[in-house]
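Following this message is one structure expressed as structure tokens.
Letters A, B, C and D name the chains as they come in the text, with residue numbers starting at 1 for each one.
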């Protein structure tokens, strides 16, 4: 088989045709940075989507989005509660330490890489309220989580209530926020209910290089405008980032793409049975597979990452072909 | 006149058709981050251009390129000598303070926003060699300078020699490096002779959102790979940045574009006479113009920035139309 | 002459007997850090001195005091306006860059290392109000200045008013604050009128290793308690720092010591005539002296620093002997 | 009983008479900072003690010592392996994040708050060797550990060998290093065998406010001299810190004091039997005691901290009176 059937990463998928079209349409010279007509439409576009006033900024990557989102809520001497397997802890090369100037990630445990108020209490209640220990200033959760699990609107509301009670800012890392909304079949704001700021991912979902930081408290964005420039993330041809995002929002392309990815994952999940390490609620599957089983699948033309010694991770994307998903489901069923 | 004749900023210019083509060609899924086939060609492509072994990394912006280039040469307690009007000092929102963790910019004065070894000595010789004062660890110059002035190969060699004698790393901010090479009509390496690292700009010269950091000491790049990720600048679809850069290098598009921009600037310069505040060696013109003269030019359809009270800045780009340059030259001549 | 007559630095002077006595009295075990009885008296002691509610924290050095004082007023992306020759710019090894996480010192020019509102305007008015440039968030002035010049109560009030109008926090570096009050013969609060926080120095004035950060806005101290610990400046036997400071405040020892130092400086100044580079208002003298004159003075038993090529700096202290001051005055008069 | 029998913290103990004497002897004016005669003797004094060339710097606190010791070995994008209960992780308010500019503490598990090479492997072997994860650059262990456990010379050598193999710098937090040497009855260098740098504590052992950073690789100290000043830890009357340390080294006062504290702890330990949570090898006892037992002990005149719900921590010091130790032993035995 010449080209492998791609389940490696949604990070690697192509750019959606509608995004290409929008990019081309943005080519004409406009004001630099974020003074162009497209960038100036973001607040309104996201405000409409979420049904409330927001301030929205583009950046190129999820790592930058997460760190800039947290920046106005966490002083350098403060801490951010997150899951022990959160992307900001595990896979961002210490970026929060950089952007937050040495602030600390306070790690909590929770099922499926998700956190409940109780999980968070277990992590922060032992912290003595004195100057010798780093105090928590914000909470960050991932929707859907690093294991593809969604927080329901009720889960989110409970977290938001807890955060408010404890005086914590509340950030949602939404690298796969679209997949969560598609799974929950709820309003976008319900999927991040009560949060102060959302990193809304588009790159994994058909974009090229643009994510949005959506501030539900617009005042936070005023600080972040400076921080974004200071981090070298204010692109001079920012209109191309805004164009991608607006194309994704247009006619709910973001949601349609996520539904397609989720559906492909669900089809494969149906064939995995007890091999599944986590319920499949989005576009990621963690599947127990022996080394020889993985070898056989690769020989059969499927491309994916190992997940430890005895498992594999499969990721579908907006462009996963129905026949490829079906082929993978069939191959796993036959193992 | 409906559309203004654009002399505002090369930052705002369109993307070159060859770059568009390369972007489209890169769409097919490939390995994420910089493990794709295109990103892996950069070292060789720049090595060929400069005639020596290099390591080259893409980033989205010049600010990130400059700061990441300096990062492996300057410890947090160190300093970087640069011109008082250098972009890193004036227009990067304190990004060097962020990326270098509080390191200090040591400001020197020099004609045309350029520095000579003597200028640098004047800035650093008064620094006492004790722990109470920040010691210089690197030198950063801009080619072409913030006033559009080029360093000749001899100038660069002299700076490199001086830097080596003083134990300073040597960085060249080449946001408009292409314009310098076009003006100097020299080999690329001659235009940054002896430097340790070059920020090679493409965004102002026909790119969309990709600059290169070219390390002439490849070992420096090993640190910067971590720093780039940590700064949120490792884009997951990095192939699109590599594609832009390779397209610009292909068949010397970068040089042809710069020559076009320089030629347009030269034509306008010819009409400015003693109004010019600086000799025009690249694609920027700083022109003494009264408030009413500027008003008249704007009314005539030209778009540009004021430069203080009594002057204006005009910038040409790869796509400046010959007729627009001619029209501006004529308009200024007639003032 | 066996022992040189010491005019090198008030930094090197002995500890005052009353401070020794207080140190010994503090020896008995007490609660660690700043939970001891002495540390808990600081707020009240300084509140009484300044006639208003304050929060006061001890630290070991003036550099730590200055940087921690500024920390709650200046975000990492912000700037601090100070004089080009301010101690925080020139002689603290980049400590503000460290403590403020890369925030920038915005340098202003002013006579005698002092600043007026006009001087500050000249420095900050050219800063564009956009995200590309670092915006000022605080003002820091030195009382007495690096050239031994005092700000009058009226000067301070004018600066405070200006700072308030411009939304700037206002810090006074009072390494030699005592000398200013002694010179101005005013109330302590008048000598730092309207400021938000004062670094009140004791080490140069008879202490061993304790300075106070006095917050006129006590809320600022709440942040700094964390920052102090995080900087390793919360000493476990903090009672010894509190003891020094309380001894200095007791019966106005700080003021009496400063008066003694100022008087010695005044006597020497009387002999210097036009050799003085700056009026002598505190305990530092900057005196034009040729190389051979300095050589002769050293041969005569006086110890001091050169100040550039053609001058010397003499510093008196709380313990400068009358006969030494008289001898120096005589020696200079005879040159 | 008027004065409680003090087992709260060695941090709160008085200053040893010999240290007082040395402080008084240092009063005479000398060169400021660390240019005085006493500070300049430190390298030789520690060189003699450890039997090798070293560079030694004083600082006021253990937190500063630890962080400055690590600074030259860990880049901002790097990590430090330490125990999950290490002081630098738990009780320094995030100081490593500050001093190391966001570098990460990589937490390992080990018995008695000690680490073995195997413990460290368990923590770092899962770290992927790619730019998305923070790589370990140094190892930090505490001698004696946070639970009062000593590393034998063999333990230390094994850690040093492991660190060297893995390319890790090796730091020993020796806040209670003296107690370890007293327990192990070995040469000082054996108790930190193979390490690159030691934070050698004196404050808990009879000092007032001085610890030493001892660099077995003197080149590391050259960077730290700048970092110390930049952190506001270069005291201008540094001679008083050097005096304390030299007094502690003189005639092995440090060792005699530690032996006294250890002996007092051993006596109490003898009465604790199975109540002990950890073997007692230094001057700290962690003792299982119910709430009512603790209440009774306090009523009997003993001062100490609770350790969680069902235990207490007792700390002896150089000045613990034999009768107090005996009384506590008796009281616990009688429970």
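In the analysis below, contacts are C-beta pairs under 8 Å (C-beta built on N, C-alpha and C of every residue); 3 or more make two chains touch, one makes a residue touch a chain.
Note that this is a predicted model, so its numbers are computed, not measured.
S.K.: Could you work out which chain's C-alpha centre is the most distant one from the centre of chain A?
M.R.: Result for the farthest chain: C.
S.K.: Using the stated contact rule, I'd like to know whether A-D or A-B comes out ahead in C-beta pair count.
M.R.: When A-B is set beside A-D, the one with more contacts is A-B.
S.K.: Where the centres are mean C-alpha positions, what is the separation of chain A from chain C, in Å?
M.R.: Going by mean C-alpha positions, chain A sits 50 Å from chain C.
S.K.: Express in whole angstrom the distance between the two chain centres, defined as the mean CA positions of chain A and chain D.
M.R.: 43
S.K.: As a quick test, compute the distance in whole Å between the mean CA positions of chain A and chain B.
M.R.: Distance between chain centres: 34 Å.
S.K.: Spell out, as numbers or ranges, the residues of chain A touching 2 or more other chains.
M.R.: Residues 76-77, 92-94, 97-98, 101-102, 131-132, 226, 229-230, 234 of chain A touch two or more partner chains.
S.K.: So in the complex, which bits of chain B are touching chain D?
M.R.: 75-77, 101-102, 131-132, 135, 223, 225-230, 234
S.K.: Sort out for me which residues of chain B touch chain C in the complex.
M.R.: On the chain B side, the touching residues are 76-77, 79, 90-94, 96-98, 100-104, 131-134.
S.K.: Write out the stretch or stretches of chain D touching chain C in their complex.
M.R.: Residue positions touching the partner: 6, 8-9, 11-15, 20, 24, 27-33, 59-65, 67, 92-95, 97-99, 203-204, 208-209, 226, 229-237, 240-241.
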